[in-house]
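Chain nomenclature is as follows: A, B and C, assigned in order of appearance, with residue numbering initiated at 1 for each chain independently.
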Amino acid sequence: MISSVALPWWAMVCMGAGLAAFIAMLVISIKRNHGVKRSLFASPYALWMIIFTVLPVILISYYAFTDSNGAFTLDNFKNFWDSHYEANKVIAAEAERLGVDYSQYIVRGTVNVDTLVYSLWMAFQCTVICLLLGYPAALFMADRKMKLGSTLVVLFIIPMWMNFLLRTIAWMSLLEDSGLINSFLRWLGFDSVQLMYTSGTVLLGMVYNFLPFMVFPIYTVLNKMDYRLSEAAADLGCNSWQTLYKVTMPLSIPGVISGITMVFMPSVTTFFIPRILGGSYTMMFGDLIESKFLTEGNWNAGSALSLIMMLLILVSLSILRKADPNGEGGGIA
Amino acid sequence: MMKFLKRFYLGIIMVFLYIPIVVLIVQSFNAGESRAKWEGFSLRWYGELLRDERILNALYITVSIAVLAMIISTVLGTLAAIGIHAMKKRPQALMMTMTNLPNTMPDIVTGISLMLLFLFTQVDRGYVTMLLAHITFDTPYVILSVLPKLKQMNRHTYEAALDLGATPMYALFHVIIPQCKQGIITGAMLAFTLSLDDFTISYFTTSPLVQNLSTLIYSATRTGIDPTLNALSALMFIALLVLLLIVNRRTAEDSAH
Amino acid sequence: MAVEKEHLIDLRGVSKEYDGVQVLDNINLYIRKKEFMTLLGPSGCGKTTTLRIIGGFETPTSGQVLFDGQDIAYLPPYKRRVNTVFQKYALFPHLNVHDNIAFGLKLKKVPKSEIDRKVDYMLDLVNLRGYGKRHVDALSGGQQQRVAIARSLVNEPEVLLLDEPLGALDLKLRKEMQLELKSMQQRLGITFLYVTHDQEEALTMSDTIVVMRDGRIQQIGDPKSIYDEPKNAFVADFIGESNILRGTMVRDELVEVGGFTFPCVDFGFGENAPVDVVIRPEDIMLVGEDVGQMVGTIRSVLFKGVHYEMMIDAGPITLKVHSTTMQPQGSRVGINIVPFNIHIMKPMQEAK
């Protein structure tokens, strides 16, 4: 079952050199400082990250800016804006050869951008719904009178131990034509409803999967908050709504930011949920990237899409970071 | 009244979260193969589970990778956290950027970039590559759980140990590591859970011949999900639940002392 | 040389730079056996860095650290015969009191029965008998302090380094611990090197005080000479309270301040040289308006417990005066200062 590892000779040489350099660094530092310098403890990890994170990102960038022959090109990005760029190039060449005006033959439309916009829209809706559902949940959990907070946190975590693909598939058995809900409707004498393979279903699946990631950070921040602050607000004349609106909510913003990040990012890129619950009717950006690599085998185009995705996320993250400069939001950990 | 409404709301959310799990577990006891029709209680799928080598193999791969990735990433990550903590500002910032990079990178991009790496270096994708990928995404989480503990630590305790005659190595194992034990355990558990549940990154870094449960389930969605898989995940779910209760009991006892 | 044999620790031309900043500048210092020496100065003066160089946690940029005549500047801390009591104690939170104290002995592979005996002895010494099984987090600040001292002393170091060990305690406990530390040092006959920014603490406990500022030693001496004969205005200001006034040395043994001239005992500054004039508030005597060397008006009066602190305006200068008898605010008083109590110093260089 363990696959044979066939490394090309130069990869071996590189790894060998890295290892030798690491050992040399250790020996030198032991001699100099009567012991291992502690910052060197991070060097195996640094080496690991260079090989398995930095190098792959460089590879993606490399493929994104080259064509299948390895020559530098920006076509992959042009292709992104105009999905028919390649075809139109052929048409233009053909039209020029025949000496006709090619503009009437141009194929318009941009599948990629449409998909991206659709993904962003879906992710946005998912994030908003998660926030609307999750904020009150986190608020109630953090309520000191509830005394159930930590138990409820565990209750939010436990579902995640069940394989998320199976959990998502389980929704199918509820929603499909022969599923529980429609059976129930038929039993009541109504017509069955098309529940599967719509944008709404995909959204449901996304909210279901990502809701805990909104609740945890908000709960963490609310729970850490000094409860005397709301007492002080009450003392100064706020009623409970005003306290919520003027004190609790502004102070929980770091948690909200963190929650938004943790929900939005996986929502844009999910490809499993739309596959299962959306069928072939919905295509999201994750889908698109996956199919570029695995179905079309076009690494260059796929890499360009991945880069665009990463860029988009980095930009939105840095905007969100501005709202929470100290990174107080925390995460699950 | 407010209290009741709050509880009711939380109850609804819980129902939403647990419905699919209940459905799954119920299905695993269904005598028939249909997802929707109840054909009577049976342990048929649990029996088939024991005979289904494909699933048992995937289970073995999933668990062994989760355990190995947990151990390796915990060691790697703990050492790294100690190293990063001892660094000067500049290199520290650099290392933290590198640590946060996988968190800000979508899973699919991480998976694909690793796939490209393995294809480019002509390493056959399979068990080893999947393990490497899991270690890669687990380690930053270990670091992020251990680092805060190191920061909380009184930095003079390390010097105190040296002062009392401990070598740096002895001080590391007997003073620093015991003090961030809690963070290391949290990091290890997080790594295990993430690895157990991962689909996207595994999907891109393994071959169809070496499948863990997630990729197996994914490929099964095309042909139809076998209730055997439901039976297996119900079992795993219960196992983890029991484990949680035991751990909880333990920590409760510990803190009682 | 016979005298040098008594020097347990000898710092010779020790300098230390951090990222281009000079933290210690040519420190020369020796510590005798069984001496209680205190490094005193405001934060950032280099006192803790000096201690850490002796403890082995920092290496000097240049200079020698001699211990019993051998240079130990680059010896790691675990090979030095000194122990440190850290600021905020640095107790190991994962070990109980007994195991904290036994830490060093275990490393030396001392047999278990011996360890237990020594730990119990130390617990007795620091008045914590029966606390061995306690968790260190469950102790009060003062108790943690005692454990930290016991943890160091049990290793029978030749020198005990203490880095502001009483900084985190409240006033009353501080005073108690000061006496306790001093008597412990005398009983055990161990050399103490003590770092503090609290001048009162330094005066109470030390045999020798080293006043530091901006990485340089300002003055070394026993408490009395440092208090009575400060070498410069900084020392005078830092140790106790002082009136520091700009003045002019008219000639030897006569100084002019704010238009008044006072006879004094200092000489050798030259004629009409600008000088700093330092007068302790308790050295200023208030007398009748008609018999004073100068006359002033009481601007404010504060009751300080043992004495009254009065600010007196006299011409262009304002003096702080401590006296056990109160003069009402606004009243006019005569002021007398005996020549012996006027300290003349070269003008203080402004801090860079």
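The rule is simple: contacts are C-beta pairs under 8 Å (C-beta built on N, C-alpha and C of every residue); 3 or more make two chains touch, one makes a residue touch a chain.
Given the structure is predicted, the values throughout are model-derived calculations rather than measurements.
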Greatest separation from chain A - chain, by CA centre: C
By mean Cα position, the chain sitting nearest the middle: B
Pair of chains with maximal C-beta contact number: A-B
Computed distance of Cα centres, chain C from chain A, in Å: 59
Chain A and chain B, separation of their C-alpha mean positions in angstrom: 17
Intercentroid distance (Cα basis), chain C paired with chain B, Å: 55
Touching two or more other chains - residues of chain C: 76
Junction residues of chain A, two or more chains touched: 34-35
Residues of chain B whose C-beta touches two or more other chains: 167-168
Residues of chain B defined as touching chain A within the complex: 3, 6-7, 9-10, 13-14, 16-21, 23-24, 27, 34-37, 57, 61, 76-77, 79-88, 91, 95, 98-99, 101-102, 104-110, 112-117, 120-129, 132-133, 135-136, 139, 141, 143-145, 167-169, 172, 186-187, 190, 193, 196-197, 199-200, 204, 207, 209-210, 213-214, 217-218, 221, 225, 229-230, 233, 236-237, 240-241, 244
Touch list for chain B against partner chain C, complex: 154, 156-157, 159-168, 170, 175, 178-179, 181
Residues on chain A engaged by chain B in the complex (per definition of touch): 1-8, 11, 34-46, 48-49, 51-57, 59-60, 63, 133, 136-137, 140-141, 143, 145-146, 152, 154-156, 158-174, 176, 178-180, 183, 208, 211-212, 265-266, 268-269, 271-272, 275-276, 286, 289-290, 293, 299, 302-303, 306, 309-310, 313-314, 317, 331-333
Touch list for chain C against partner chain B, complex: 55-57, 76-78, 82-84, 86-88, 90-94, 103-104, 107-108, 151-152, 155
